[in-house]
Amino acid sequence: MYSPEPDELAYTFGGRAPVRRLRPGDALEVYTEDCFGGRVTGVDTLPTRVVEFPFLNPVSGPFHVEGAAPGDTLALHFVSLQPARDWAVSSTFPHFGALTSTSHTATLQPPLEERVWIYDLAGGVARFSARNSDFVVDLPLDPMHGTVGVAPAAFEARMTITPDAHGGNMDTPELRAGVTAYFGVNVDGALFALGDGHARQGHGEVSGVAVECAMRTTLIVELLKGVPTPWPRLESDGHLMSTGSARPLEDAYRISQHDLVTWVAGLTGLDELDALQLVSQAGEAPVGNVCDTNYTMVAKVAKRYLRGARAYDGVHARLRERAATMGA
Amino acid sequence: MYSPEPDELAYTFGGRAPVRRLRPGDALEVYTEDCFGGRVTGVDTLPTRVVEFPFLNPVSGPFHVEGAAPGDTLALHFVSLQPARDWAVSSTFPHFGALTSTSHTATLQPPLEERVWIYDLAGGVARFSARNSDFVVDLPLDPMHGTVGVAPAAFEARMTITPDAHGGNMDTPELRAGVTAYFGVNVDGALFALGDGHARQGHGEVSGVAVECAMRTTLIVELLKGVPTPWPRLESDGHLMSTGSARPLEDAYRISQHDLVTWVAGLTGLDELDALQLVSQAGEAPVGNVCDTNYTMVAKVAKRYLRGARAYDGVHARLRERAATMGA
Amino acid sequence: MYSPEPDELAYTFGGRAPVRRLRPGDALEVYTEDCFGGRVTGVDTLPTRVVEFPFLNPVSGPFHVEGAAPGDTLALHFVSLQPARDWAVSSTFPHFGALTSTSHTATLQPPLEERVWIYDLAGGVARFSARNSDFVVDLPLDPMHGTVGVAPAAFEARMTITPDAHGGNMDTPELRAGVTAYFGVNVDGALFALGDGHARQGHGEVSGVAVECAMRTTLIVELLKGVPTPWPRLESDGHLMSTGSARPLEDAYRISQHDLVTWVAGLTGLDELDALQLVSQAGEAPVGNVCDTNYTMVAKVAKRYLRGARAYDGVHARLRERAATMGA
Amino acid sequence: MYSPEPDELAYTFGGRAPVRRLRPGDALEVYTEDCFGGRVTGVDTLPTRVVEFPFLNPVSGPFHVEGAAPGDTLALHFVSLQPARDWAVSSTFPHFGALTSTSHTATLQPPLEERVWIYDLAGGVARFSARNSDFVVDLPLDPMHGTVGVAPAAFEARMTITPDAHGGNMDTPELRAGVTAYFGVNVDGALFALGDGHARQGHGEVSGVAVECAMRTTLIVELLKGVPTPWPRLESDGHLMSTGSARPLEDAYRISQHDLVTWVAGLTGLDELDALQLVSQAGEAPVGNVCDTNYTMVAKVAKRYLRGARAYDGVHARLRERAATMGA
């Protein structure tokens, strides 16, 4: 298992040398720290006291994939995600989140109170304990990575808290075990990285912070040569998904739906308007995040409505079969 | 069953005399026309040829509820929704929808082609037939009303295609049979109306038009005196939901999540930050529409995470029981 | 001079009977109350104590114009605007304005402090006196009407605080004496109204409230039969202006620029792309409001760049000449 | 004069080694290429044929400033801007601009026609010649730099077409000769760069492309140690200006106004609400761009309303005096 040394933690996509080199077909076990670098360990440890900008949301990586070149697609199949500790953490954070003013939706109001919650993880649940009353409730675990991506195009390096066409901090619960994620490759080696494990997360991550935890993750790396992918896509056994990350939120929706419509058209032989019509009636739109520097929407359609259409030459099914043999 | 005469069809919420008077506790059977007034009957009948602005999206009503006064809440429990014909219709419409420029997201580009699709409704499915290829697929029926609301506040009258704090054209698939909808009353008698039946709809109604059909609907009217409701809310057996309708889409999200957080706080005794934390991890955010004059988001939380909290003094459960006795 | 009785004040465009009937060519002298109905008379009178929703932003009117019918354009030439008192008032208002969260950009933060400022109007200036220090500065008077419009289309009635295609609360300083405003007529008689005088206003009305004052205004009414106007337009001696009111703010910009580009194309014979190019390099974009229920942008181009193009058959020049003879 | 070799042209802020080292107080003469790298030389040379992403909008630099460190402010005083050729160029560009759908405001519509305009620059004017008619008009020269900035914070590298807190492609006509621009320093040496000269530009750059020209520019570099600047600011002889770059456009407005209000409060001793009130009535809000990856707004207030307040210890006045001695 690759577990980053403290000085290996990365805070950008792009602009970093690889920490490991992988080949297409390789499986990778990787440890990722939580979004606070593991420093918020109790309800009295306020994030702003122990975490300093820009050392937020560290990722493990980047990993160089042999042979990956601009114009290819990197496929990452998530075999398993396992919280690495028996607790997780959440908080409010000053001027961050959907129900507060922020640095960009700037107002003259003071921030909300900074408050920390610690969740116990055990028996398949995350236990929420209110801070100001005795309310306790168990929420099902649904582990996911908030942040996965590749080095951006155009010589850019982007903070790990920003989602965009290269992936990054999309914060969608759809990125869970059993899913294959596709990214367009922008630089030689693709240089993917991941982090920001969540034991679970609501839609939109309204407070700005999920149930944050260190994660042990197993994934398989695959490479699709000469196949472009304009925005990150996901595939589960039942669904195809496109993502869009932008502001305002309707543009994230437009990007994701536009990509799904044209993808479906290409897979089914429907013309664009017929594909638009089908997606319009059969499609779903799970919200990713409405709190980060770009907002993320997912456009999703069940494969059973696509009459046997097979994405990326069926790589998801092959990776799924292989994962089943790994006993993860 | 109330079935409107052609000259009774309403195109606004507010500014209309009631067509019927009801008492709290009354059941209502009502016929609603489709969004095109039933005039688009085949693939060669383009909507812009047969429907003239502002005679779009007719609703049945308004219905006056005895005793309803500003500051009260009107509860409408949807017992059943039954498509009234064995076909439904969809289309593109010039400069309307999420993947086209519009009158407000104005560009110099010509509109997309105007095209009509007819769906056969039978055996619990809506059959999609592509126009430019032989692709056919069955989608499950999931009947809903796109448009339900009361007369607005502030002496306003609003087009039925606009969703806002009074309800209106929210276009959320969550508004289906088995659900109770709550609206704050703004004028004496509440003056509710409904229409825009959809045999089913994808999230966001990306093309701008759902699987549109005339509908036969049974609902029960209830009144909660002295109980305010700031934005329309929905309750199903399993979930509480708040809505927000605004632009940009993140404001619709903010309104709906803000309402859900403060509602949950009131029901559970959690303080606002604890309620924010719970909703942030347990909440869902189904997209309503991303095509109308305001966009609609729904904020949703499972009741099982609220430890027995009971909304509106349990009226949903009582209405559900009564509906069960109606054999609908 | 028409001066409304208290019970004549209107709080909507649409849904009201006319208070007077005018003929094309008539001059009108009219008194308008300030946005608080004149009730905030000192720094200790907080608006929320004396003004109750929806009795905000009263307008004088509506005025019925003989012969005006849907498809026509109403021209209102503003001869003079004179503050009616020797003081004006401004304030913060809870959850209203650009630098605070609002009912729609909803957050869990408490509102900013509610505070009132009284301005002395004399000698052509409005005197600003800080409340928490001894800072005093004189700002030039530049009287304008924040709110002017006609009855909306589609049987709507809209709160006077909302700007849209019918005009309303556009809050642009460009609407000052010497300017002709053009509105598309939606209902017989046009039913125009006006109010919300500002002694002056910054761009965007960032605090949500301008230097508010009662106003004595003289205008001339003209009617252009069979000439449509899609969004309110303004004409001064030097400039043509289009407005757009929407959210997000870029849509207000798009609407206004789209209207100006197509208007310029029609006036000059330029094709749309050439007109886009000219407006793109020669155009201005004064911000109206970024605080109301819709935001307003103005698109503006100097007539001198249009090689003699004459809008609306030169009605502005004729009204300007007539105004000069009125000694106002 | 520094004139970059072709292989020295930079396409990012950040992630580049400096091309020159300067000391505070140094004057710099610099040549900048136009946004197309000088490759669009006639109306038949379509930009998409000769310019390849991401080799768009090259800047000259970065320049390393001795002693500049994070937490300091870099002041760049623009002594003169002189178009370097007797012609300039503009165009439409597929899916770029405010009146077209884009990669982010994604629709299924085809792009607008790609068209090029060549402007003759002579006698203080830029001559616009329509492509599809014989319309010709002269527009005054008003040379400016669309793109000026420093290396971003948080280890980022950003495309030169993106404006953000580090500056970049703000595309505001306020950045002209006689103005001092202030940038917060994020990395040692500040690493500033500039480009994208415009012979003139309308507000918002609605078509997406200004009157683009190569430029010869003289500027003076100054450093303010230990003085932070959160967003780029500008100062002219008469005005203080703050900028904000974000989406949606209202957030760019909020950022710029928030910065101006707090800046004015700090300079005048007004408390924040009094400063908000003053800016709200006296402030201007010139639109920068409404076409780039972030939109830019400027918040502006006349110094004469600030009773002698002096920004940055009067450095603008000193630089202005020195510029006067340079005979530029």
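Per-chain numbering from 1; labels A, B, C and D assigned in written order.
In this section, a contact is a pair of C-beta atoms (placed from the backbone, for glycine too) under 8 Å apart; a residue touches a chain by one contact, two chains touch by 3 or more.
Chain by chain, the UniProt names read as follows: A, B, C, D = Amidase.
Small disclaimer: the values here were computed from a predicted structure and weren't measured.
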Q.
Interface check for copies chain C (Amidase) and chain D (Amidase). Shared numbers divided by all numbers used: above half gives same, below half gives different; which is it?
A. same
**Q.** Chain pair, A-C or A-D, that carries the greater number of C-beta contacts
**A.** A-D
Q | Whole-Å separation of chain centres (CA-atom averages), chain A (Amidase) against chain D (Amidase) | A | 34
**Q.** Whole-Å separation of chain centres (CA-atom averages), chain C (Amidase) against chain D (Amidase)
**A.** 32
Q | Mean-CA-position distance for chain C (Amidase) and chain A (Amidase) (Å) | A | 47
Q: Hunt down the residues of chain A (Amidase) that sit against at least two other chains at once, touch-wise.
A: 99, 105-108, 112, 247-248, 254, 257-258, 261, 273, 276
Q.
Going by the touch rule set out above, what shape does the chain contact graph take here: line, ring, star, complete or other?
A. complete
Q. Where on chain C (Amidase) does chain B (Amidase) make contact in their complex?
A. 11-12, 14-15, 53-54, 103-108, 153-159, 244, 246-248, 251, 254-255, 257-258, 261, 272-273, 276
**Q.** Sites on chain A (Amidase) touched by chain B (Amidase) in the complex
**A.** 90, 92, 98-99, 112-113, 115, 117, 126, 128, 130-133, 135, 137, 139, 200-211, 247-250, 253-254, 257-258, 261, 268-271, 273-274, 276-285, 287, 290, 295, 297, 305-307
Q | Contacting residues of chain A (Amidase) [partner chain C (Amidase), same complex] | A | 99-101, 105-112, 248
